[in-house]
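Shown below is the structure under consideration.
Letters A, B, C and D mark the chains in the order given here, with residues in each chain numbered from 1 onward.
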Amino acid sequence: MRVTIWNEYRHEKIHAEIAALYPDGMHAAIKNGLADHGITNVGTATLDEPEHGLTDEVLEATDVMLWWGHMAHHEVDDGIVDKVQKRVLEGMGLIVLHSGHFSKIFRKLMGTSCSLRWREASERERIWVVRPGHPIAQGLPPYFEIPQCEMYGELFDIPQPDELVFVSWFEGGNVFRSGCCFHRGNGKIFYFRPGHETFPIYTQPEIHRVLANAVQWATPVAGPAYPYSQKGSTRPVAINEREALEPIGAASDERVRVG
Amino acid sequence: MRVTIWNEYRHEKIHAEIAALYPDGMHAAIKNGLADHGITNVGTATLDEPEHGLTDEVLEATDVMLWWGHMAHHEVDDGIVDKVQKRVLEGMGLIVLHSGHFSKIFRKLMGTSCSLRWREASERERIWVVRPGHPIAQGLPPYFEIPQCEMYGELFDIPQPDELVFVSWFEGGNVFRSGCCFHRGNGKIFYFRPGHETFPIYTQPEIHRVLANAVQWATPVAGPAYPYSQKGSTRPVAINEREALEPIGAASDERVRVG
Amino acid sequence: MRVTIWNEYRHEKIHAEIAALYPDGMHAAIKNGLADHGITNVGTATLDEPEHGLTDEVLEATDVMLWWGHMAHHEVDDGIVDKVQKRVLEGMGLIVLHSGHFSKIFRKLMGTSCSLRWREASERERIWVVRPGHPIAQGLPPYFEIPQCEMYGELFDIPQPDELVFVSWFEGGNVFRSGCCFHRGNGKIFYFRPGHETFPIYTQPEIHRVLANAVQWATPVAGPAYPYSQKGSTRPVAINEREALEPIGAASDERVRVG
Amino acid sequence: MRVTIWNEYRHEKIHAEIAALYPDGMHAAIKNGLADHGITNVGTATLDEPEHGLTDEVLEATDVMLWWGHMAHHEVDDGIVDKVQKRVLEGMGLIVLHSGHFSKIFRKLMGTSCSLRWREASERERIWVVRPGHPIAQGLPPYFEIPQCEMYGELFDIPQPDELVFVSWFEGGNVFRSGCCFHRGNGKIFYFRPGHETFPIYTQPEIHRVLANAVQWATPVAGPAYPYSQKGSTRPVAINEREALEPIGAASDERVRVG
């Protein structure tokens, strides 16, 4: 299994206090967290690399991608976004983190605004597991806390998740569906709320655990291949079945239409 | 309640045999069908009108829109598509018909390719109700048939429907999820498979019944208003809740983090 | 539309302070609330009546039933529960209130324990609408509060709701999926969390609004009749389709099995 | 991982032609099929053994159970059924086969009648994968066929599946949701349609593949333990959280109720 962590990687270069928290970028902290759980075939890619680090070779080789973006969503090239979407439909897992809710790729895959309420007040968050039998909840207690966070509150404008794994309680009075699974094409998508750049959330053990679980869960399954992709194009094709599987017209014409 | 039927309206003008079936366009046949069920506040709009007939005034006034397109999906203006999507998120119902599976608006709202298998062999389709308690199944028998149709077969590349109402059997050996409900933002979406331009499907009473039911079901509900739209823009906004609803920091610092 | 409110009606007769809040029983307060929204064809039934007030005549005539129970779930007759389940599968709506989560009928329809965490500490609850386009959210603000309540917290052991309408925030640090829709057979089921007997929750306008909306939503749809009931029995039947709808064996024997 | 295959094991002892197909019972054929996929820690249990072969020791040790029953559903002891349900809620996987749709355990977990249409006419079934990214579809082609089968047709009276993996086409004109995933408590449930006792279906390689995939998928996850079981009882308990996680009453009394 090959993982690629994509990080916008701007905040860490601009703000000294964020750089102090994440000297090598949030992607490095996440990479360390995955390694603690034995996931080591992990590459990183960032916005300011050529093609945002997401060349065709990288995309083809990636089984699960993580995505963190915030201040520069609009700088992500639309053609790259189309390629990432195609890869998800073909089966690549995608884990969207925190402010990635407003990324082009997440909004494109959801079809909604993906908007929400938010507040920066360094408040406490308590994350409740509402689906304890889910692979992403493996090894977790019934709930865990993030001591200080940026609040995201409902209404979170997403399609109803196929699987709702976590619901968050916030000190300031809000709630949020903070762990949401979606299936699109052959691919699995997990949105995970925590992760603000001004707090050391990506060094917290429970967060590492969730991300490692999500990577395992989102790994592609070798089922029937996604049939609608063509090499070198992001435009889907339909399949014209010229040959019927069964004889047509065998029924007698007198057959009465029932209804 | 105000309904707008949008039709590409090209096939009917190009092919004599289609014009014979639908002399005033498929939208006219659908409009007649809705009228038979008492839905009379119905306008129509077509591709070749200015702004495709979907001016801001029409869009604002529309509660439920029906959409039929096929050969000219690519000619639909992206800006209009963005406005229709915005209206759906705000609560407008949308009923997508047959070859509309590949329309820009449906693909944008689904986030998948919306591709499928297809075959033109004039075969029989039997549509089974798999959710008899659903409002869209009102007045229907356990199944009904379409004597001759174009086949659409699985894999239909859509998100798992929030509500699956119909599954089709085809003479040539295929199956299809042919009546699918989705919820996006405040809006309801219904995809309904039947409706090829070369068959008189839009004059069949069961089809009229389903479309009338779907219009009723998709009518907006006066719940909390969709909060993320701004007048004159299709770009969503987030809500900054500067004032917390509850006091933050009231808990003693000695409180141990539980997990 | 005919509504029946079923109430255990024991607490109100035993505890003076509860009798003071609900002198004619909680069912009377709920009936008043529905009347304020124009729903007036409403009967009541209680545990200590013959057949718990749920005779065959009452059951047959009821379109939507509300159910409140707590201290005497085990006294409800299993045969009556079977009949209520049968009526739900045939299309009757069922609205289960608060401590009714542990009623025989709810547990029978869910298939899970329906257990939860709870706390009596007179804390505040804030109910967030997470599905604003849902008919049950009609007329509601983005959230509303209950000043004092008994807490119910996750993990709520139910199947994932088909539609999640409300999520509750509690002052003491918990969350709860407090407005949950389920579809079973031809019937619609709504579980609504608020409603403890020691607080005047059933006199609160927002609660009346939700209950009235839920009654409208749960009203049966005249779709294909539920096919598996037999008069006078709660045991389902299967349908033996002796006559095939299509000819069997028409395909040539040389046809290769594809896979 | 420990698997237990439960088989009613009556047809094979009564009918010579069934005994010829399955000389050691269908459970033996299924066991062979799992072994071909490397699943070898597999026990069997049958109706006529003491406690139907499902002692407390067997139940506690079982991670995934398969269930085949037909002519003697009513002979299964209610107390055993309650124990199996408890184990599912605690996390045990359950795979229900073919005529097991009418078993006590499946009906108890679904809450519906689980009825359907059926026909014995030795017709062809074509099983389409409608969710190719699902673990249960691993290694499968887009569809596969069963040359001769008993038909099961819609309406299948089940809750809408959490994940719909297969839809069947039948020669005689019916369709069926034939691969359905449900989540109840911490446990995963898979219903798989094929498997009539008069055909060699449990020797077919694709069927073995699906069953092996389903066993892997249904294996319990080590998430938060199911909290509502007590040793030696099938009656669930609720959790009284006497200690609040957050201070109650901290908010000023003047706070206006918002709505």
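Basically, a residue touches a chain if its C-beta (ideal position, glycine included) is under 8 Å from a C-beta of that chain, and two chains touch if they have at least 3 such contacts.
Just so we're clear, the structure is a prediction, and the values are computed from it rather than from any experiment.
Considering the contact criterion stated above, the chains in touch with subunit B and with subunit C alike are A, D. More C-beta pairs touch across one of A-B and A-D than the other; that pair is A-B. In this assembly, D is the chain whose CA centroid lies farthest from the centroid of subunit B.
Chain centres here are Cα means. That of subunit A falls 27 Å from that of subunit B.
Centre to centre, using the average C-alpha position, subunit A and subunit C are separated by 35 Å.
For the pair subunit A and subunit D, the distance between C-alpha centroids works out to 30 Å. Residues of subunit B in contact with at least two other chains: 126, 129, 131-132, 141-142, 153, 155, 160, 162-163, 171, 173-174, 183, 185, 224, 226-227, 245-246, 251, 258. Taken in their complex, subunit D has these residues touching subunit B: 126, 128-132, 142, 153-156, 160, 163-164, 167-170, 173-175, 177, 245-247, 250-252, 258. Against subunit C, in their complex, subunit D makes its touches with residues 85, 89, 102, 108-119, 121-124, 141, 143-145, 147, 151, 153, 155, 157, 159-160, 162, 171-174, 182-185, 206, 224, 226-228, 236-242, 244-246, 248-249, 251, 257-259. The part of subunit A that touches subunit D in the complex is made up of residues 91, 126, 129, 131-135, 137-142, 162-163, 171, 183, 185-188, 220-227, 245-246.
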